[in-house]
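Heads up, there are several structures right after this.
Shared between the two complexes below is subunit A, which has subunit B as its partner in the first and subunit C in the second.
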Partner chain A sequence: MTSTKIESSSAAAPAPIGTGSRGTKVLGATALFFLVLAVAYGLFISPADSQLGNTVRIIYMHVPTVMAAYVAFLITALSSAMYLWKRTEFWDLLGSSGAEIGVLFFAVTIVDGALWGKVTWGVFWRWEPRLTTSAVLLIMYIGYLAVRAIPADPKTRATRCAIIGLVAVVNIPIVHKAVDWWRGLHQGKTVLGTIHPDMGGTQLFAMYSALIAGLLVCAWLFVHRFRAGFLAERASELGLDQALEERRLESSPAAPSSRGARDDLGGPQT
Partner chain B sequence: MTKPRGMFDDALLMARKDLQLERRAKIGLGQVLPFAILVLLLFAFALDPDRGVLKQATPGLFWVTVLFSAVLTLQRSFGLESEDGILEALRLTGMSPAGIYLGKVTALTLELLLLEAVLAVGVAVLYDTHFIGIPLLLVIAFTATLGIAGAGAVYGALAARLRSRETLLPLLLLPLLAPVLIAATRGCEVSLQREAMSGWPWAALLGIFALVYLTLGSFLFRPLLEDA
Partner chain C sequence: MTETLCIVGAWVVTFGSVGSYAAVVILRGRRLSQTVPPEQRRWM
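So, the complex of A and B:
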């Protein structure tokens, strides 16, 4: 995929009209194949864990979603740094796509972590280090998306988002360490991040299938979100061009005179 | 021939300007400080003082109050710069962006430290807190405040030119400051001998946070001033 300068004109090449391609179809089909494998082995074929029982099946979902979220945020951080260096639309769109997908996967991680808590302890939330870290990071990146949603000049918006992307990623290890120490004061190691079930055979196969499926779904969403963002930018440029054209037509001799237009707007009467 | 101004000269100039403005306007003294005291009172209303919860939670309540007050101080500090294109004017002065950033951080740190000193008296009187382990408390207060100001100045400048800055700044800043809240609270608990462990790792974590964001802020303030 080639980089596209923000200043570049949309007239250079016909813009695509959709986000799909042969590549995304292959990627999507492969992701779907691994998803089916993960569901079949995770829910039906693999046995319950000797210690964790059927709750082990939540891990098959939890690990892939959290990994996909971290990969997405890492891409956002790298894209943010690259944007501040290269100032191209490509890095801006890649960064914002990563933030959106990361937020999505983190939200799923928190939901399945809470479900685990309900099944294991009877409560949806315990202040487990990784869940707490995920909740803090989720809100940080929701802030990123909130800034992204504010209408602004694309260059200004891209710079703001790149700065937030960099500031936020630096915080990940610090939040993690702080929360880890904090919980270390009050309770022993617990829950999802610290259990190491003795997996083997079909359980391990289910876990790896789910992991591959999670990362492939993440990649598939990434490509589509990036292309959707690119098309949205072109559409907004097109909208601006149309508005300019309409204003030009209004001021042409065939249209009502500019003096008349000024009068209509309540201009000074002499 | 005059010596060219360095980054630290710019920082000093900027800090002096901010502190002078604050001394004249007295927004911190007249509005932020009463707000902080009010929050201490509200916590007492919410957590019955007779049940001991208030006393047990004092370090956490103190730092939550500091964070809320820091958001107000930041909004005030950068609200001033965003009015009438002052940020653009600052760029035109030729001052180094890192100098402007460090100056803002210095002024914010001093203002917040002053606020914390008054709040400390407040918790001593209202929550019956006896301060022990003063050296650790001072180090924690300084490093935590530097971290709050360092990270806050980046997001304060970013949010200053946004129309929804009042709601965006807390949304962006408070999750970022979560490790500061955790480390400062636990460090203070250790210092007040409510936790049996060393408090210095917490101080070190706060120091690392401050250092990381001061470095990052110094680099990011140029694109922030120029494009954001």
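So, the complex of A and C:
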């Protein structure tokens, strides 16, 4: 029944299938262009670093992913504050999209960092300040997603998540400044807090290409994830409406088929 | 050898994870859009 209704109304003006649009196609194509540049310069054209050697090629992935994660987490925090103020679905969906994308990028950052650590330090992991605070940050946002997965009233769930989103973001400056506040193994002095100060020429080009690509991919994912979340909410509402309608028909006296089906199953005869 | 493996591994992990997640989100969106009326999925 529902599908028939969708087909008849879509004949008037075609609606997009999925979460794509002209804007996401342009965004995706631009991100792809910078990704190609990042791969070409990051893996093949740029020379090895004078200090880091070829492991600088891991940094070309490590820095963009952490920047994308920070942006996603900051958007989650902003959306959380806005949700607590406005109480609208838009801010809840934006916040949850940011948390999910941020967890993805931050987990990748940690894995890339561990691979870099294996070459540079000889071990994948050390409980030093930057790494420890990063692990705590990741766990906090995984907690956000876990709370979101707990069955609850949508408004209650959104409020819980908004509070976690605001608390978790406090950890970002701690992670970022951990290399200055405590002594550890992680590299400290950087340009703009992210890029190696001795970089230049093709190395810097590779880094900025990867950084722009990472942020564009993050933005592209944001749009798609937000729209998928929006569709999930609408589908959930439609499913609930349909279930209520079916229950109403079942309970009405003019529904002999449902009574018959219950009798066939050997249910109680009232 | 370890260095090369770690460099390639980092790029594979990054592209593999983000690419897989993107595929999941796109497919989920396509599946969900079949169940939602067109007037509720008109993007800008």
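One rule holds for everything that comes next: the second predicted complex is superposed on the first by the 208 of 270 C-alpha atoms of A that agree within 3 Å, B and C clash if a C-alpha of one lies under 4 Å from a C-alpha of the other, contacts with A are read in each partner's own complex, and residues count from 1 in each chain.
The criterion applied here is as follows: a contact is a pair of C-beta atoms (placed from the backbone, for glycine too) under 8 Å apart; a residue touches a chain by one contact, two chains touch by 3 or more.
Treat the numbers as computed from the prediction; the structure is a model and nothing was measured.
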Partner chain in contact with A:Leu231 - subunit B first, subunit C second, else both or neither: second
Per-residue touch tally on subunit A - higher for subunit B or for subunit C: C
Touched partner set for A:Leu32, first subunit B, second subunit C, both or neither: neither
Touched partner set for A:Leu166, first subunit B, second subunit C, both or neither: first
Complex contact set, residues of subunit A against subunit C: 2-3, 5-6, 9-10, 13-21, 23, 39, 42-43, 53-55, 57-58, 61-62, 65, 104-105, 107-108, 111-112, 115-116, 118-119, 217, 220-221, 224-225, 227-228, 230-232, 234-235, 238-239
Complex contact set, residues of subunit A against subunit B: 84, 136-137, 139-140, 142-143, 146-147, 150, 155-156, 159-160, 162-164, 166-168, 170-171, 174-175, 177-179, 181-182, 185
Sites on subunit B touched by subunit A in the complex: 151, 154-155, 158, 162-164, 168, 171-172, 175-176, 178-179, 182-183, 186, 195, 197, 201-202, 205, 208-209, 212-213, 216, 220, 223-224, 227-228
Subunit A contact footprint on subunit C (complex, rising order): 2-4, 6-7, 9-11, 13-14, 17-18, 21-22, 25-26, 28-30, 32-44
